[in-house]
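What follows are several structures.
Presented sequentially are two complexes of chain A, the first with chain B as partner and the second with chain C.
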Partner chain A sequence: MIIDMYAAGIAAVFGLLGIGLYGLMTLRNLIKVILSLQIIGKAAVLAVVVAGSISGEIAVAQSMAASVIVADTLVAVIGLALAVQMQRCHGSLDLRTLSMKFHTPPEAENGG
Partner chain B sequence: MLSVAAVLVMLFSALLSISVRWLLTAALWLAVTSAGTAALLYMLGAHEIAVIEFSVGTGLVPVLFVFAMSLMGRASSMPTPIIPRTAAGGLALLCLALLGLTLLPINTAGQDKFPITFSQILWQDRSLDMLVQIVLIFAGIISVLNILRRTDTEPPGSRHDH
Partner chain C sequence: MNAAAWLISLPLASSPLIYLVGRLPLESRRAARWQIAWALSLAVLAGMWAVFAAAARDLAALPAAPAAVPALTVEVGALSLRINGLSLFTAALVLGISTLTVIFSGVGVLGKGGAEKYFAMILATSGAMIGMACAADLFNLWLWFEAMMIASLMLVAFAYDRPAALDAAIKYLVQNVVGSLLALMGIALVLGSAGSLRLDAVLDEAASPALLAAGALFILGFGVKCALVPLHTWLPDVYTHAPIGTAALFSGAITVSGLIAMLRALAPLGGAAEVWGSLLLGFGGLNIVAGNLLALRQKELRRLLAYSSISHIGFMLLALGVALYSHETAAAQAGLFHLINHSVMKALAFLTIGGGLYSLGMDADRPMPFRHLRGLGRSSPLAALALTLAILSLAGLPPLAGFISKWQVFEAGMASGSQAAGALTLFAALNTLLSLAYYLPVVMLLFADAPADRIAMRRPLPRLMQIPLLLLLALILLFGILPDLARLLTDPASTALLGGFGGMDTLTNLNLNGGSLWQIFY
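Let's look at the complex of A and B:
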């Protein structure tokens, strides 16, 4: 039964990691990219706890998972704040549009 | 059986959160993913982290997403991906296969160690980490307040009205 639990945990880690990576590669909306990062963060938390549970060091794993949760939440907070500013200043959350805007030379923007 | 159900709920909601069109719905599915993660963490024996994950992942983070969306207005869009979906799926599967080759089979020896409580580890062995995390949280709050502050003097041409 406990082996089933570990197998379920490992399957969840791999599944969440795959979904997060797929989202990072295919999505162009900035909010969705942050959402994909959140999913990868959940996979990381789960991986640390599964590893700690298997090796019998669950307390150490929990303390490390707390650090991962804090870092993951900070990434979301700062990423969302930057997305809000992007929407305010450039009117778009599309990564390709923002990238084209930032890589346009100033002469082209001024029409010369 | 419960763990399998939690994993299925988690994966299904994670898949929905990146595939639905509306951002608000995506944030709600992310909250369901967090709830499933918290359930699985609890079943694995990480009770304290399960509670933290449930409160942060299901409570705080979706509220932050909704707050950001309310500041941005209707900004939901699903533009075509830069990398083709099949190639992205293949690359993700390749990454997972390489990771699996590295990790599996898992050595389960060493489970019979004497128990140390979570609070002992957190407040004694990793007290410096806790201090750094507290500083990080305050730094994050200050930086977000600075980022969200409206500046009256924006550079000309930086704002595009629609």
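Let's look at the complex of A and C:
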């Protein structure tokens, strides 16, 4: 029974990772991209917890998971701050149009 | 608590302080608020240099133990740090580049306000990088790495009101977060299959599938930061659109610290060192050729330097791959020497671009199209000389630093005894010729004619900008003529690096000549 729990945990890690990577590849809205990053982050936290329970180092794994959650939240905060700024100075959250705007030849910038 | 712990706690503790000082309503007639923050960060950096010297002295005074890497151990609560030769190497690199960048930024090259944030983040990034090099277990390594990523992201996103800079910051954020999460999954694999995350003990069954997968995840994950070729796409944008000091810091320290993190994380998997060595060799070849080919088409200097960074990281990977493959400290020493030289040359090139743009009266945080280079040799000879020497050294012309370290890298590759590594080295040497095709036109442009009225408009470089340029120039010449000076740092670092992979007593040390120019030609 306990083996099945590990297998389920590992399957969930791969599932979350797959969802996150798929989202990163297909979505172009910055907020959705950040959501995908968060899903991959959850996969990593789950991987840490599963690994800790397999090797019996559950205390280590729990403290690691708590730290990862903090780091992950920081990343989300900064990403969302960038999203606010992008909406403000670009008027859209679509990453494709941001890259397009930026495809002006370098000569056009720093003109003079 | 060991004094060496201040190397990390000093910058991290003073970073918010500097920010607060920069925001305080202290009005003074003689100095703007950001200048007070600037002076304070310089003082902190000076303090860090003092601590660095003390740590280096303590490490040298340790009694020699034949089978272990000499290291100072620091325990602060639950946090444990181990300071060895590689940590000191990283600390010297990071401190040097950030000190020069901060000095350079003292003339107010940042286009808009908020310089106090900039200085605070430079210190936080430096502290996190040094912490990364001192971490004693895999998870602490990852935490420092993540802290460095977040702090450096703020540096990239500094000009957050320009779409191009935002685009660079978002690319950097997304790619590096995915990379570090993949590395974290690798750490979970190590924890699950070995139950230990210590960096100073080599795991027994390093060739088990789980640990091989963990190593592959480390290479992928940390490889995003050090721009292994399919994962490099964030780098040119960051180098082109971040503030110029950030670009110098990135090319000099942050990017290569990804490489150091990767090597440190691979150390517990040292049982499969040959696998990691061959993988790094493969990526090295790919980086060299892709970086060179992409650089050929560039019309903008900062982007060109970014692609040339990618190819130089290939040279480092080549040497370090040989080192892991054949357990050869001379190869690791060559790779680390090239790492230092690359940092010096790139920091010089980027700071000079900042100076050149400043003397043109332009925003120093913007790209540098080739046409602005015209006539720089006439209007500001120091900037032109610095840029010329930096570029010639990047191309690997004697007697500059870039030549001697490339020579050592090639020599290490040829001496490895493996045919594949030898062929790859030959290929890398041919690529050096290819790189002249994009370096030389830049140098020609510097000394081309420009309309006299545009030359007359230019401002001279202020003293504060000249100091870092002159220091870096001196280093390029010094390392080119007396390369053995760098061994003070690279010898302990390469022993610590390879000793971490286990088998401290089986390390071989080929005596590469390449010690200095005249030895080569004899």
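As a working rule, the second predicted complex is superposed on the first by the 104 of 112 C-alpha atoms of A that agree within 3 Å, B and C clash if a C-alpha of one lies under 4 Å from a C-alpha of the other, contacts with A are read in each partner's own complex, and residues count from 1 in each chain.
Throughout what follows, contacts are C-beta pairs under 8 Å (C-beta built on N, C-alpha and C of every residue); 3 or more make two chains touch, one makes a residue touch a chain.
These numbers were taken from a predicted model, which means no experiment stands behind them.
Of the two partner chains placed by superposition, only chain B is touched by A:69; chain C is not.
In the superposed pair of complexes, A:52 makes contact with chain B and with chain C alike. Once chain A of one complex is fitted onto chain A of the other, the partner contacts of A:9 are limited to chain B, with no touch recorded for chain C. A simple residue count on chain A separates chain B from chain C, and the partner touching more is B. Look at A:44: by the touch rule set out above, it reaches chain C but stays clear of chain B. With both structures placed on the common chain, the touch criterion links A:98 to chain C but leaves chain B unconnected. Touched by chain B in one complex and by chain C in the other are residues 17, 21, 50, 52, 54-57, 60-61, 67, 71, 74, 78, 82, 85, 89-90, 95, 109 of chain A.
Touching chain B in their complex are the following residues of chain A: 4-6, 8-12, 14-23, 25-29, 31-32, 35-36, 38-39, 42, 45-46, 49-50, 52-63, 65-67, 69-71, 73-74, 76-78, 80-85, 87-91, 93-96, 109.
On the side of chain A, the complex with chain C involves touching residues 13, 17, 21, 24, 30, 33, 37, 40-41, 43-44, 47-48, 50-52, 54-57, 60-61, 64, 67-68, 71, 74-75, 78-79, 82, 85-86, 89-90, 95, 98-99, 101-102, 105-107, 109-110, 112. Looking at the complex, you find that chain B touches chain A at residues 3-4, 6-7, 10-11, 14-15, 17-18, 23, 26-27, 30, 33-34, 37, 40-41, 43-46, 48-49, 52-53, 56-57, 60-61, 64-65, 67-69, 71-73, 75-83, 85, 88-89, 91-93, 95-96, 99-100, 103-104, 106-108, 110-113, 115-118, 120-122, 125-126, 129, 133, 136-137, 140, 143-144, 147-148, 154, 157-162.
Those residues of chain C lying in contact with chain A across their complex are 139, 143, 146-147, 150, 153-154, 157, 160-164, 166-167, 169-170, 173-174, 177-178, 181, 184-185, 187-189, 191-195, 197, 240, 299-300, 303, 357, 360, 362-363, 366-369, 371-372.
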